Structure formats: C-alpha cells, structure tokens
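Per-chain residue numbering starts at 1, and chain names A, B, C, D and E are given in the order in which the chains are listed.
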Amino acid sequence: MNFNLSIVLQVLLLTPILGAICLFLKAGKFCELTPAWMYNFVTWAVVAVSFFVPSALLLGETGLVHFSWFPSMGINFSFYADGLSYLAILFTAFVFLIYGLLNREQSAGFYACLLLIETSLIGLLISVNLLVFYFFYELMLFPIFYLMTTYGSSEAKKAAYQFLLYTLAGSLCLLLAIIYAGYSYFQAEGVFSLELVDLLNHTFTLNEQRILFLGFFVAFAVKSPIFPFHTWLPATYSNAPKGLAIIFAGLLFQAGIYGLFRFNLGLFPQAFAEFAPTLAVLATIGIVYGALLAWRSKSIRGLMAYASISHVGFSILGLATLNPSGVSGGLLQIFSHILIAVGLFTIAYAMERRQSGELITDFRGLASKAPVFSFFVICFSLASISLPLTISFVGEFQVLAASFAKFPIITCFALLGVILGAVYMLGFCQQILFGEPMTEDFDDLDPNERISLASLLVLILILGVLPRFATDLLGVIAKNQLSASPSEILEIIGNPKDKKLSEGLVLANLQVIPHE
Amino acid sequence: MVSTYLTFVLLIPLLGSLLVYLIGRQSPSVSGPLATIACVASFVATLLAGQSIFLDSTQSLTVNLFSWFSFNNIDINFALLWDSLSLFMCLIITGVGSLIHLYSIGYMSEDDSRPRFFAYLNLFIFFMLLLVLANNLLVLFIGWEGVGLCSYLLISFWFKNLDYAKAGKKAFIFNRIGDAGLLLAIFCLLFGIGEVEFLRIEQSLLINGAFQPYLYLAALGLFIAVTGKSAQIPLYVWLPDAMAGPTPVSALIHAATMVTAGVYLMSRMSYLFDAFPMLQHLIFIIATVTCLMAGLIAVAQSDLKKILAYSTVSQLGLMFMAVASGAYGIALFHVATHAFFKAGLFLSAGNIIHALHGEQSVHKMGGLWKKLPVTFVVYLICTLAISAIYPLAGYFSKHEILLAVKDAGYLGSFSWLLTVISMLTVVYMTRSFYLVFLAKPKSDLEHLHAPSILMNFPIAVLAVLTVIAGFIMPETLGQFLSPAIKEFAIKPDTLSEGLAHSILPIVVLVLTIVLTPILIGYQNLAKVLLFFPRHKFFVDEIYYVLVAVPFNKLASLLDSLIETATIKTTISALSATTLISSKSLSLIHNGQIRLYSALSLIAVLVLIFFTVLI
Amino acid sequence: METIIFYFLSGLCIASAISVLIFKNPINSALSLVVCMVGIAGLFVLLDAHFIAMIQLAVYAGAIMVLVLFVIMLLNVGSGYEIHRSKFVWGLATLVLLPVFTYLFWIQLSGISITSPTMQQEVLAGTVERIGKLLFTKYIFTFELASVVILSALTGAVLIAKSNSKKH
Amino acid sequence: MNSSVNFPSLFEIAPVALLVIGGLWSMLRATAPSGKFPVVILSSLFFLPAIFWQWMLYSSDCKHGVTGFFANQAIVLFAQLVLLIIAYLSTLNFSEVKYQVKLGLGEKVALIFFATSGGYVLLASQNLLTWYLSLEILAISSYALVGANLSSKASTEAAIKYLIQGALGSCLILFSFATLYGVTASLDFEVIRTLLLKADRPVVLLSLGFWIMGLSLKLGLVPFHYWVADVYQSAESATTNYLAGVVKFAVAVASFLLISEVFIDLIGSFNKLFWLIIVLSIIVGNLLAIVQKDAKRMLAYSAIAHTAYFSIGFLEPKLELFQQAFYAYLVFYTILSLLTFTILDLLEEESSVPLKHLEGLIYRSPLIGTVFILVMLSLAGLPPIFFALLAKVFVLKALLSAGYLGLACVILLGTVLGCYYYFKLITIAITRTEESLVSPLYVTKTKAISVFVLVFTLFYYTAFPSRIFDYLLSII
Amino acid sequence: MNLNLLILVSTTIFTLGAIGLVLRRNLIVSLMCIELMLNAINLLLVSFSHYNNNLDGQILVIFVMVLAACEVAVGLALVISIFKHFKSLDTKEINNLRG
C-alpha cells in the first residue's frame, strides 16, 4: 500500500476533529451509537492511522508536508513527522484509547472535548509552523477548562482558572517570542516567515537568541512544568474530575518538553548552551523538590502530581546535558513518564471509583482485598522509581550518566531524588496496601482496568528490556538536533526558498535507524 | 552449549517464578515443590554449564544475550560472564537456595500465600543469579536492584503487620542509598574510562593505571553500594529489621546470598580497589567497627533472629576485613562457609520458632534440646563452626581471614581487637545456644509444633556441609578461584594447629555457658553493662534525628515556605491586588456625572501638559 | 471707541458667564446666559460677522434659550439644587481654571500672532451675501447634511417625547 | 474663493440618499397608527440597494476625487461598504418581538438610518466641517437611541450622561478644529495638511492634543471612558450592538484616515500620549471588567480594552504594519462585538443582562451557546477561531517591529486578565441549571441569519486569511 | 481689540463652561454650560475668521449653532424624561449606574 505521508498526517489530524464534531452534533443519535462507542471508535482509528506514519515516512523521501495558507504572514500548514513525533503521537493515541476503556459513561460533550485535546496534542506534535504550533498549543486550553469546570467540584473550578491563567500567561510569552522570531527573520531576509524550516536556516544573533529562548522557555516551562513554574500542576491534577488526571498528567507535559527540544534547542542552540547549567539546576531542584513534597503529600493524587514534577525534572535534565545520549534519554523519559503517569493515575482513579476519599490515609490494607490491584500498584510504583528493566531506568540512566559528565555535583543531588523516589513511592504502597484492611468492600480491578494497566505494564517492561529501538531512534534525532548547526542544515536542505521546501528539515527520519 | 545451559540457569527461576504464581493460585500446595524443582533444575544447569570450568578454571566465557541500549556509542549489552567466580557464586546460590526452598515447603505449609512466597523466592534466585552472572555493571545493577526488590517483597511478606511492611520499606530504602552509590560508580567509570564491562575495565586499568580521581570516586561509590547491600556501617541498620520476613527468607537472603553480594562485587572489582590503598584502609576500619559493634549488640539482644542477624552483620564485617586486606579469595571462602552455617543456624532458628508458634525471644525458650534433637545438633554444630572451632568449616575460613588481616598490618597495635571480635562471636552464639536449648524451660513444651522431615533434612545437609567443607574446600577453592581474582592460596592448617587455635574459643564457650545463668540473675548489672548494645547503640535513633528529621523538616519547610508562602502567596497576592485595584477603580465610577466631567477635564489638562511639555 | 465697546462686551460676557455658574436659580442662570450670548453677538458685530451676530441673537438667545426657559418653567425646578459651596471644590475649580487659562492663553498668544494675516487687507465682512454664497456653493453638500442632523435631532426628540407620552 | 457649486453627483451620493430616504420613510411609517413595524423589509429595502450601489462604486474604476468626498481612496469606499453591511446586520436586531411591542420602533430605525448616513459621510469627509458635522449626526442619533428606551430609568440616565460627556468631547474636537482653522485659515484637509507643518508648533500640538482627547472620548478610551459602561449596559442590546459595532467602526476608521491623511506629519509627537492612553485603557478596561455583575457592562469594559488594542494603529500610522494591524484588529473586533451583543440581545431583560441570565445558555440553545463560547474564546484570542489569533498577531507584530516591547507586554497582561472574565462568562454559560433545561431559547430566523453571516465571515476569513488581510494591505 | 484679547475672552468663557459642568448639579445648567462652551468656540472661530480674513470659519459657526440647537433639543427632551423618572434634576441623585 502506498501511503502518502501528507494524506496520513491529514487523516491523523482530521480524524479526532471530525470525531469531536460528530460527537458535538450528536451524530450518534442517528445511527444509535453511544458517545462512548463513538469515542472509542475514533481513538482506535487514530491509533490505526498513526501506525501508517512510519510506513509513509519510509516510503517518502521526507517528513515534511506543506500547504500554503497565509504566505504573506509566513503562516502555512506545515506538518512534519520524525521518529520523535511519531512515537509521541502513538503514545498519545494509545493513552486516549486507554482512557476510553476506563471511562464509558460520559456524555457526548465530554468525549468531544477529549477528542479536541487529542487533536491539539497531535497537531502540536506534527506542526512545524510556529503559529500553527501555537494554535494547537492553545487549542487544548478550552476543552480542559470545560471538562474541569463542568464535571469538577468547586475546587476543580478554581484549579481550572489557575491552570488557564498560568498556561495562558506562559503561552502568551511564546506568542510574543514567535512573532519576534518571525520579525527578526523578516529583518534579515526581507520575508516574514514563521516556518521552522526557514527559521532554522536563519542564524539569530546571540542577544536575539537569549530573548527568544526565554520567551519560548517560559511557555514550555509552565507546561512541563519546570520548578518555579509548577504551581498550577498539583491543584489541577488533584482536582481533575472523572479520571481526567490520567490524560492531563499523562500527556500535557510532553508538549512542554517536546517544545523545548524542537524549538528551544533547535532554534537557539547557543542560548540553550548558555542556559543549560541553569536549566540543569532548575531540573534538579524540580527532581528533589518534587520528591520531597510528594513525600509530604497527604493526598494520593497530590503525591502523584509532585512525583510527576520530579520525573519531568529528569527529562529536562537530559535536555540540559546537550549530549546526544542525555538528550535522547530525556526524550525517552517522556515516554516512560507517559506510561507511568497514566498507570499511576489510573490506579488513583480506580481507587476513587471504589471508595470515596482522596487522602492516602483513607485507604489501608488493600493488598489483602484486591491482589491484582496491589500487584499493579507495586509494579507502577517500582517503575516510577525506575527499577532496572523498566523503561524509566533506561531513560534515567542515560540522563544521569550524561549529566554526570557535565554537571557532576548537580547529578549527585539528582541521585538524591532517586533515593527519595523510593521513600515516597514505597511509603505510599505501604500506606494503602499493607496493614489490616480498613474497609470491607473494595472490589478488585474490573477487566477493563486490568487490560489497560496490563498493556501499560507490558509496554513499560518491553521498552525496559528492549529499549534499543527507541534509544537508537531518539539518539539519532537528538544527535541531529544537536549537531545540526544552522549552516549545516543549510547544506543539507539547500535553498529553502526553493519550491521544494519539502527537502527541508532533516532533523531525523525513521529511515535512519542504524541498528541491525 | 554452555551458553544454552547458562540461559537455562537464569531462565528457569524466572519462568519458575511465573509458573509458581500462576499455577499456585489454583492449587497452593503445588507451588512449593514446583519452586524447589525450578531451583534444583537451575542448580543442575549450573553444574552442567560449569563442567568445563570445573575441568579448567582458567576458562571464561562471555555470553551476549542481546543488546540492551547504548550510551555515548558504548553498547551496553545484556551479557553474562561465566567464569569460576560466577560459577562459585551460582553454586552457592542455587545449592543453598535449593535447600532453603525445600525447607520452606515445610515451613510455609500452613500459609495461604505460599504461591506468592515461592514466586518471590524464585524471582530472588533469578535476580541473584543475574547479579553474579552479569558481564557488566549495568546488568549487575539489574540484579542488584532486583534482589533488593525481592528482599523488600519477602520482608514485608506478612504485610498485614505494618511493622513488617515498614521493615521491608526500610530495607529497600537503605539498599536504595547503596544503589545510588553504585549508579554513581557506574557514571564515574563511564566518564573516566568509558567502560562498564568487568573485563574491559580490568584491561583498561591494567593499561592505563587507575590514577584518576573519577576512579577513586567510582571505588567509593561501589563501596557505598556494598555497605548498603552487605549491611556495613553506615547502612547496616536495615538487616536486623529485615528479620521480619519468614525465617527461610532470612536464611536465604539475609544470611547466605544477597548480603554477600557486596563481597562478590568487591572481588569482581578487586583490581579497582587494589589501586586505592587509602580506600582499602577506610573499608577495613569500617568493617572492623561494624564487626565489633554488631558483635556487641548481638550479645545484648533477646530476639533469636536478631541475634543471628547481628551475627551476620558481624561476619560480613569480617569478610570485608579480609577484602580490605586484599584477601578476596578468603573472603569468598568465608562467604561459602558462612552460607552453610548461617543458613543452618537460621533454619534451625526457623524450626525453633515454628515449633514455638512464632515465639522469637530467647528468654522465653529453653530446654528445647530434648524436643528438637535434630535442630539441637545442627545448631550446636553451626555454633561451633561460627565460633571457629576446629575442624568445622568456620574455623578454616575465619582463621585464614585473621591471618590475612594480620598480614595486611592495618591493625598495628590493635590486633587484640581481632581476638575480641572472635570471642564476641563465641559469646553471643553460645549465649543463644544456652538460652534456647539448655536453660530451664520457660514455657509449656508440650504443644510444640514438631518440624517435619522436610524441615529437618535441609538443616541436616547444611550441618554436614559445615562439617566437611573445611576439609574439602580450602585446597580446591584456592586453585579454582585464582584465575578470576587475584592469585591466592589457602594452606589448610594441620590438626595440631587447628586444635591449638581452638582452645581459646572453647574456653570462652564453656565460660559463657557457665556464666550466662549467673548473669541472668543479675539483671540490673547486665542492664548497666549492656546498656548501649541493648539499645543498638541508638543508631536508629541517631539516623532518625540526623537524616529523617532534617529531610522531613526540609520538606515541610519547602512546603510551607516555597509552595505555600512564596508561590501561593504571590499568586493570591496577585489576584488580591487585581481584585482590590479593580474594586477601587470601580469605586470611582460612582454614577456622579460631575465627577466624570471633572476627571475628564483633569485628564485633559494632565495629558496636554504631558504631551506638549514632554 | 471700538476698544471701549470691546472691553465692555468682553467684561459683560465674562461676568455673565460667571453668573451663570454662581446663580442658584436656573432661571437666573439662563437669563445670564442670554446676556452672555447677546454680548458675544456684540463681539461678532465688532468682528464684522454681521450675519452670524444676527443668527446668534435669533437662534441662540432667542430660540434656544426660550426653549430652555420653557423647560425650566415646565418642570418648575426652583433653586433646589445648590451649587456645591464647599471651599474645597471651589478651590479645586480655581486650581483647574488657573492653569488652563494661563496656559492656553500663553500658548495661543505666542502662536497665532505669527500666522495671522496683516490687517492691511480689505476686511472680509461676514455679510449675508458672502456667507450665503459660500454656503450654497462650496458647502452646499454640508448644508444639505445639516438637514440630516436636524432630522435626526427631531426624530430623537420625537422618539423621547413619544415614549414619555406613552408612560403617562 | 471657489464659487462653483460643489455638489457631488447623484451616482456618488446615492447610498447616502438611500439611507436618508430610508430614514424619512421609517419616520413616516412610524406615524401609522398601528401594526407591526416592518424592520426587516424596510431595512432591506434601503440598505440592500445602498450596499449594492456602494459595491458598484467600489468596484468601478472612476475613483476620482469629488468635493466633500475622499472618493479617490479605495479604503474609504471599502470602509463605507463594510459600514453599510454591518449597519444592516445591526439593524436587523430591531426585528425582535420585544422591540416591536415598545413604542417608537419606527423612529429608532429612522435614527439608525440617519446615523449610518452620518457615519458614511464621516468616512468620506474631506474638510473639518463635514467631518465634525457627520460625527455629530452619529452622536446625536446615538444619544437619542440610548435614551429611547424610556421605560427604563437607567436608559435615560445613561443617555443624559452620554450626552453631557459626548458634548464635552465635541467641544474638545471643535476647539481643536477652531485652532486648526486659526493657524491655517482653511477647513480643507488638503490645505491644512500642507500648512500644518509651517504653522506654529505649540499651537498645533495643543490643537491636535485636544482632538486626540476628544477622539478618545468618542471611542471610549481611558481616561475618557466614563460613559461607555453606562451606555452599553443601559441601552437596548440592539442599540448597544450598533454603538459598539457600527459607530465605533466609523469613528475609528475616520479618525485613522484623518490622521494618516492630514495629521500624518505631526502625529509622531503624540506617540507618548497615545501610548499612555492605550496602556491605561487596556489595564483599566480589563480590571474593571473583572468585577462586573452584568454581562453587558462587563463586555462594555472589555470593549474599552479592545478599542485600545486596535488603537495601537494611531501610534505609528505611517508604518504599513501598524495600518494593517489597525484594520485587521478593527475588522475582527467589529465582527465579534456585533456577534456578542446580538447574542446578549436574546438574553436581555429590561436593558440589562445580569450574569445569571447567561446560566445554562449552552443547554437552552446549543447553537447560540456554542457561538457565544466561540466568541468569548476569540475575544480572549484563543483557538479554535484562528482569525482571533491572527488579529492579535498583527497587533503584536506591529508593536514588536517598532520596538514597543513594553506595550506588547501590557497587551499580553491585558489578555490574561481578559481571559479571566471571558472564561467566567463561559463558565456561567455552561453551568447546567434546572431552569435552563426547561426554558429553551427562542431564536428568530432573522437573528439566526445575522449570527450565521457573522460566524461564517469569521470562519471564512479563518480559512482564507489572505483574502482579507492581504487585500486590506493592498488598498491601504 | 486684538486677537489675543479675543482669545483670552473666549478661553475664559470656555473654561467657565467647563467648570460649570463640574460644579453645577442642575442638569439644565449643565446643558447651559455646554452652550457656554460652544459659544466660546464660536467666538474663537469668528475671531479667527476675522483675522484670517476668511469666511470659512463663520460657516463653521453656523453649523455649530445648528448642532447646538439639536443637542439642546435632544438634551431637553432627555431632561424632561429624567425629571419624570427621578423627580429631580439633581445630578447627585442620578447615580443608579455605577461600578
């Protein structure tokens, strides 16, 4: 089958949008489908389509798809997929699929919003026009806000506002920086362009790089989140209704790290290098700070939220190493965190569904009531503290090993985070699983939960034992991103004004898998 | 062929673990035998795989299973190293492991969670084998963490008791600290010489020497890891608490195998440690202090398993004294003999506790020699062995260690400490022996839970091993291990030497038996004398105050200072400012048209001045 | 003579403008306003704007002010609403007044005198003929537009009045 | 002195003529004793030909100058065309039943006609006199329209306040024109432009300063914004719609044309003044909107902020980017403000829309609710309507290009503040209440059509942004 | 009589009108103050017209008068209806709209 990448990407983007529209228009009524069924259908379709991306990538010569839209402002639909985007899309689609398994009783509007979030995530992963990226980046705000306020408690409403204003404040900096980048390109080249390809060709002066870096950084730092920008996160994750924390915790952060990698690192390498030590310090503070507060946290989701901050810290630390292995480790951490966070929050959701109470102390002795549940709790806790043979170990190892070479002392503090991870995670397990059971009725996991958790666990283990495919792929991507100075890229892609823009943006390609 | 066997060695316990759990859930009684069969099969596979090495111990083989991942173009393979050292360790693990599995069938026969127990045990065997078979530090790390995990799971096996669960957590966390050291060491090696494979590190060190500070740091990191896993100061405190697990677990993990992983690791990396005499000195001091302290504490304990646990810590200290002195082979020899007699002791203790329905305090035991004859004999033999009385296995290994330590000359004028340490062992072991078997019964002995043959057989085997190991092993082990680690030879003592060296322990033993009942009469005196040992030198409390409390304080400080005070206050201050300013602004809009006109006119004036003047 | 008349009229205008402000009774204020407008009309005459002066008298002083007075009387609002006699407000007003006054005056003084044409030229008096000619040639469209203004004001007034009548 | 008769040809003033005739007709029709007043028919009857005619004018080649008109400018004709269209859409709002049952509908429609003709002339005026006069047509009609809702006490109060403030603004503008006349001895823009540079600078600065302040008052910028909230809140929504959409559009474009055609050489000196006014408007407008309890009042304050956003065009009217930003944001804001008040019209009761009335909007009418949410999101500059984002991008791009980084940051701050209350409105609109489930919202066909047209425009320009933005750039 | 003096008179009256807007609480007086301001501007325009020797200014004055009349017409209509609603013309009492 000959699949054109452009078609695949379009279908990939349009499927959730159309799904959302259909759900919104209550199209299900006409063919007697429940909203949940439609949602599941769409998420399956997205997963299926995303499997075509690599084959399309392998067939075509390039990963770039370009539709002219508003050329005078440099705004076009430019889509691009490399291994990183591909993996991220696959994981994203997968998480939405899993959520569909877990939550089957919601209204059409609920699922429509979820599909919009999916659109937004997929869109931002594949768009390489800065403004289009920004568009998708912001697109998720409203659905999230809607879901939080409509289905959540009054606390959730507050959290929704906090999330909204925080993220917005960050992303407006991004907007400003994007426009400034375009304008700076305009001053140099005489054309206003927001295409990543064009901007990669352009060498920003160091001062410009610094300013722009900060603009981009603030937005991504809020989304990731990086240490002082994280305050929205515990509130949001803790108050997200209906298990939506699974989606939020599992997927939102990747936008930030992806952005840091693709844009900050790609466009402003010098500024990034200058800023790397600070970034490493912030990341490490995040790791230790998250761990300490997770330890202190009394609520289940609060603990998981702070744990997320800690985990994301490793990812950021990886990027800050500016070493191919470190960066690829950081990228791998994205995927490991997706799997683990989804697993952990699924567990939290399962607990909430069975017994009211959000504090850790509301539960006790579940191990004797629900062995399967306990098995998964232990497994995900262990994965979360990155036991070897889980995916998180590989990423964390690469990150720490690379960062040790660059920032030895900082790394020692990060290792402290590794230890503290065990402290809070095992404390959590002990608190909820062990001891005399507190309540009589705590049913074990139902089949859907089992399937979702088991599939996550299998992925965690497979990627932990055989991560070679992913690490090589990400390694190549990272290496290209790091080594490709603007002039080199220029050499690779030739004249960018060329009609054949598609030659451009050789960040990495799925073809470039060297292993075996 | 060898690689296939080797794969089997590893895979059988892993698959066994899965099968045991899956099948065991349907019929729990199958789980024990199944797990035992798996372990024995692994033992057999080890023997088969080791054939060639038995014949020629210089042989070594690297089996590359698959490529795991890569770091900075360094391929990190999932590879196994098969040489005499790993074979030696594998034999101990699977051999002693099999016996303990067998024992556990009897010991756990009434527990409903048997499948889980045996699955964990098999999993432990897998990880332990992985640890000793690893060809590089990263694969070793898998095993290293894996055994820690199994230890955690098994310690908190009876999780309904929160104290047990907490003990498991404590063990894991202390191990985790050590693991961080190991990671640090790996990073240092990666950064310093860019290798993680044992053989390559060795080569690189041989060629380039080891004078980099990073390698020093690596050695230090390894030692931190070792203190965690092998319960040395400062990370030993988890081991006594780990006795919360079922007794076979204590025997297998916390006496015979896992805790000796540190000795194994240091032997593996002996060339690295040898390069840093300063570090060796440090290790020696730590080991000596550990040994002494644990011995003292053991004297004052009343929980039978705790006594044995501190004894283990003490014996491990002894091993590290040997390691620090450069006598890796002798340390490994002691690992083997210690595995036999300490496993024997623990399993005997298991029998006792089993018989007394879970009673662990030695003060509540007594007069058991009649009721548990086999146990009595085994315990006696093992006690004698650990007290280093000729011709039992313990004598040979321990005596060699003392010699090696003296040779190394670290102690100088403190060599009398060695005697003290040895005698402490005799004292606490004899005390426990006396209190358990010889003293007057404190409780009703009629309703004893007699040990089954399944429980008696393994301890008998261990006793036999304890007796014969001393005669067989010294000669063979020297040759056998020398290719893998530094050249060494053990010259077995003659009968007369042996007897001569045994006089002192025997005297102390007899003295202890005589004095213990008397001392028990003077409770107050004992309390005063043993105040510190009884309270374990307050190490737990000190750690609590020095580590846990500060971290807790730090966390709450961060929580209140940064999370709440700074950030949240900033945000609420921002929103409050916004609200206040908007409310005060809306006060101006009070509906008075004259005010509006006035404000507009003032604005006109101000703005005109603003424009024209500026 | 002209100067004396000018000063007289200016004084009259200013004085009556002030009295508009300070009379309590709106009728008095309105009458002062009429006086002011008449004064201004006089100034228009002095400035040779005869037609405008006439309109000023007819439209302003006549029609508009009569309308105002009529409304005042219709509503029968007496002097109930006092001027704010607080010293603070008056002080503030003076503060406002003084800077505006001095500043504007100073600026205009220094500015216009440069650009204004010399007085040697023949004075272009605003007679009916000249104004009319200008109005119906150059500004014819604007003149037509004025009808729309008046129409809309008319409509507006009708609309408001209509609603009033409905209510009662 | 030019003594020739300067009356434009019928061809050129036909749209105005149609509007005036429409106004007259409405007045006459209003005198009819009873019956429904045919708003839709009447407005279509006059607006549609006017629009058509304007389209002809616009697309014809003879864009030569005529006295009284800036007719040679494509942008003027285009702006007039837009004005007619939005005025028409706005007028359609009066077809609602609730306006039919009140007295004076005919007069209101007539006033709309007159006001629109004023706006139409305002855009094209070529001398100070016409400019001022047509501005006053707009103003006087607006006063009357606001005060027309006489059953409401608030409406009268707002009207008189509007009148007094507006008159003050007129005085300021007139004072400025008088001084301009004093220094240039002419009312014609062309003459003024040439003489302005030679004139004495302080006087001109003073005069332009007064003009700018008068203009700020008419546009409702801080610190001359006091009337805005009262008027927008108290007037009937259809009127508010007209004021916020049509009147503001006309005044803004006319002022911008005046600046860029006449005051262009001197306006640079008022940079700081505009900067201050814009910053104040953004901050004060958004801050005040936060604490409001009435949706119309809240959106009135937000309108102040939005006016400030497009007013950045006044900062550097010479620069193409600023012109583009001005027109782009103005077009965007006009469409959105029309949509906003069209929707609020549905929820209005006694000329006010307490926030409570918005409750469950999405359940009462899913379509209108969705449009409302879309509008609020767009006002906040958020997806899914890309057009909103683009408008903001134009503004920010212009600012960055000229180095107004601080102002750009203020705009971002304002956007964050704005998001807060836009989302507050959204939250209310999506709150499910018992009442909302049983009282569906009735939407007339006319309203649905006008909402559809506006939303379609938004989506159309989202899909083909270059059709409007590049086009605007080409005719500026 | 020179231009400066005329400007002085006109600006004085203008300012007085503005101050009246601030000080007087009677709505009708407020309207009168606006008239005062417009008159001041008229005076200014006529003076300029005189000194510029140009009649355009006087044309403008005519239109200002027209507008003033219109404004007063609408204004007075509103005043009447205000009086009906509030039973008063005191601006202090017309303050229902605030915030």
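Keep this in mind: a contact is a pair of C-beta atoms (placed from the backbone, for glycine too) under 8 Å apart; a residue touches a chain by one contact, two chains touch by 3 or more.
All values derive from a computational prediction rather than experimental measurement.
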Chain D and chain A - chains in contact with each: B
Remotest chain, chain A as reference, centres from CA atoms: C
B-E or C-E, whichever has more C-beta pairs in contact: C-E
Chain of greatest Cα-centre distance to chain D: B
Chain whose Cα centroid lies nearest the overall Cα centroid: A
Gap in Å, rounded to a whole number, between the CA centres of chain E and chain A: 65
Chain B-chain C separation of Cα centroids, rounded to whole Å: 102
Centre-of-Cα separation between chain D and chain B, whole angstrom: 79
Averaged-CA centre spacing for the pair chain D and chain C, given as whole angstrom: 31
Per-residue overlap in chain C, given as positions that touch at least 2 other chains: 96, 100, 104, 107-108, 112, 116-117, 134, 139, 142, 146, 149, 152-153, 156-157, 160, 163-164, 167
Where chain A touches two or more other chains at once, by residue number: none
Chain E residues counted as touching two or more neighbouring chains: 17-18, 21-25, 30-31, 48-49, 51-56, 59, 63, 67, 70-71, 74, 77-79, 81, 94, 96-97, 99
Complex contacts: residues of chain C adjacent to chain D: 104, 107-108, 110-112, 114-117, 133-134, 136-142, 144-146, 148-149, 151-153, 155-160, 162-164, 166-167
For the chain B and chain A complex, residues of the former touching the latter: 66-72, 78, 138, 141-142, 145-146, 149, 152-153, 156, 159-162, 165-166, 168-169, 172-173, 176-177, 179-180, 183-184, 186-188, 190-191, 551-552, 554-556, 558-559, 562-563, 567-568, 571
Contacting residues of chain D [partner chain C, same complex]: 1-8, 13, 20, 23-24, 27, 67-68, 102-104, 107-108, 110-111, 114-115, 117-118, 121, 127, 129-130, 133-134, 136-137, 140-141, 143-145, 147-151, 179, 182-185, 199-200, 202-203, 206
Contact set on chain D toward chain B in their complex: 160-161, 164-165, 168, 172, 202, 205-206, 209-210, 213, 217, 223-224, 226-227, 229, 269-270, 272-273, 276-277, 284, 287-288, 290-292, 417
Footprint of chain E on chain D - complex, ascending: 1, 128-129, 132-133, 136, 140, 143-144, 147, 150, 153-154, 156-161, 163-164, 167-168, 170-171, 174-175, 177-179, 181-182, 185-187, 229-230, 233-234, 291-293, 297
